[in-house]
Amino acid sequence: MSHIKSMIDAHPKQAGDLPADQLAQAIKACLDCVAVCGSCADACLAEEGIEELRHCIRTDQDCADICLATARMLQRQGGHHTAVLRPLLEACVAACRNCADECERHAGMHEHCRICAEHCRRCEEACAALLVALSN
Amino acid sequence: MSHIKSMIDAHPKQAGDLPADQLAQAIKACLDCVAVCGSCADACLAEEGIEELRHCIRTDQDCADICLATARMLQRQGGHHTAVLRPLLEACVAACRNCADECERHAGMHEHCRICAEHCRRCEEACAALLVALSN
Amino acid sequence: MSHIKSMIDAHPKQAGDLPADQLAQAIKACLDCVAVCGSCADACLAEEGIEELRHCIRTDQDCADICLATARMLQRQGGHHTAVLRPLLEACVAACRNCADECERHAGMHEHCRICAEHCRRCEEACAALLVALSN
Amino acid sequence: MSHIKSMIDAHPKQAGDLPADQLAQAIKACLDCVAVCGSCADACLAEEGIEELRHCIRTDQDCADICLATARMLQRQGGHHTAVLRPLLEACVAACRNCADECERHAGMHEHCRICAEHCRRCEEACAALLVALSN
């Protein structure tokens, strides 16, 4: 977290209208999801039972792409457009929930899916918390 | 358009539940926006009056990031999750509208903003049309 | 091509030290590769014979990621660092060659691989041509 | 690091031919650079003396794009193509060095540039170390 929070504080506009701690948590959670979902997709692709994992690969990839776009928009602290940020955070919450649900189904069999589900849940919560902060 | 439409038709699942022509148009419009918004952001960065263009650069970047995530999710034709795709398309429509509005303000002065606004409007429409198709 | 070339011409620095037509061709070829490789990866993932296509999916994904980074760097016309651009173009040429070689092996069986190989070859050539221009 | 290293170990192919610790360090360093360079670019864009920071913004953006492509390729542990990975790592080393050099020039004035330079140097080293490992 430290380097993300330090960068928020070093930005001329700091966290803008958003609470800095929640912003840092959401950015970190999104970037961790990009990393973990990317790895999980490739690990699934290398598994023997790949036929059952096609769907999981796609939910991983969707989640990684949406989390990356969300992290990048959140990092632009010079002024967030609520009309854009709100549906993007909603898409991110939905993508993380979707990926966590799917990965949990394989968590007993594949450690990468277990770890991935865990990070997706954390990102789902961090983005949901930011959505609440955005409404206040 | 041709290579995008050809790839949709060559996919084992084709366009899935979505109308193929509208899907192709949305993917193409999103990818064109990625290209044009990316160029417009860098062109703004090189302009003399950059102080007035900071905001435009950010809306360009937000739009490019969200359009890229949207194009990538749309290209995964093996089964779209409506619960994720709907808010993502809404975010894309909002980002394109936002960027078109901002670029139009500089369109008389900067040709790159004029072209950018035009492509953002096209993408806004293509994604809005896909949202309607998704509801049917 | 037209919108990419128009954006290059509308940029305050235009094509900088690079020949504008070759720059436009390389940017277009890279962005087409992003689109086509992304689709080909997902189409392969949906094929019955997926076990034989794992490798093809990865080469598609590597190629898409590297082409995207290359297109983005090329679009920043405000001054290209040759020390960075040269190895990136070399990586892009290698990734496109690699992906074309792999997709050509499945081109008779999968139309998406045939189209993908074709676009990768075109991008390989466009980036190789830009490398030559960079040396002059 | 922990989640990145855990994912490498959970992958069916583990780190493949590469040393797992160095692979994990390079992936983590690249992803940290994506985060920090992205923030630094937007912080520069919000600074009063933006005219002097245009170049810094571009080097930040080039570095973020190349580090992202590199991280993604490294995460595909199912088999790395040395002919592609080598020039990509070289591009990543060059982009990080370039960005660190530029940010260091503003490090006394802008804390975000100081932090960014630090992470770029770390990524330059991690990728250079992986290049050496690749040659053995």
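Think of it as A, B, C and D in the order they're written, each chain with its own count starting at 1.
Methods note: a contact is a pair of C-beta atoms (placed from the backbone, for glycine too) under 8 Å apart; a residue touches a chain by one contact, two chains touch by 3 or more.
Model, not experiment: these values are computed from the prediction.
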Exercise for the section: Report which of A-D and A-B is connected by more C-beta pairs in contact. Expected result: A-D
Handout entry: Computed distance of Cα centres, subunit B from subunit A, in Å
Key = 21
Practice task
Give, as an integer number of Å, the spacing between the C-alpha centres of subunit D and subunit B.
Solution key: 28
Handout entry: Overlap residues in subunit A, where contacts from two or more other chains coincide
Key = 42, 45-46, 54, 58, 72, 76, 78
Practice task
Assign the assembly's chain-to-chain touch graph to one of these shapes: line, ring, star, complete, other.
Solution key: complete
Handout entry: In the complex with subunit C, residue positions of subunit D that touch it
Key = 54-55, 58-59, 61-62, 65-66, 68-69, 72-73, 76, 78-79, 81, 83-84, 87-88, 90-91, 94-95, 98
Practice task
Provide the residue numbers of subunit A that touch subunit C in the complex, in ascending order.
Solution key: 42, 45-46, 50-51, 54, 57-58
Practice task
Spell out the residues on subunit B that touch subunit C in their complex, using ranges where they run on.
Solution key: 3-4, 6-8, 10-13, 27, 31-32, 34-36, 38-40, 42-43, 45-48, 71-72, 75-78, 110-112, 115, 119
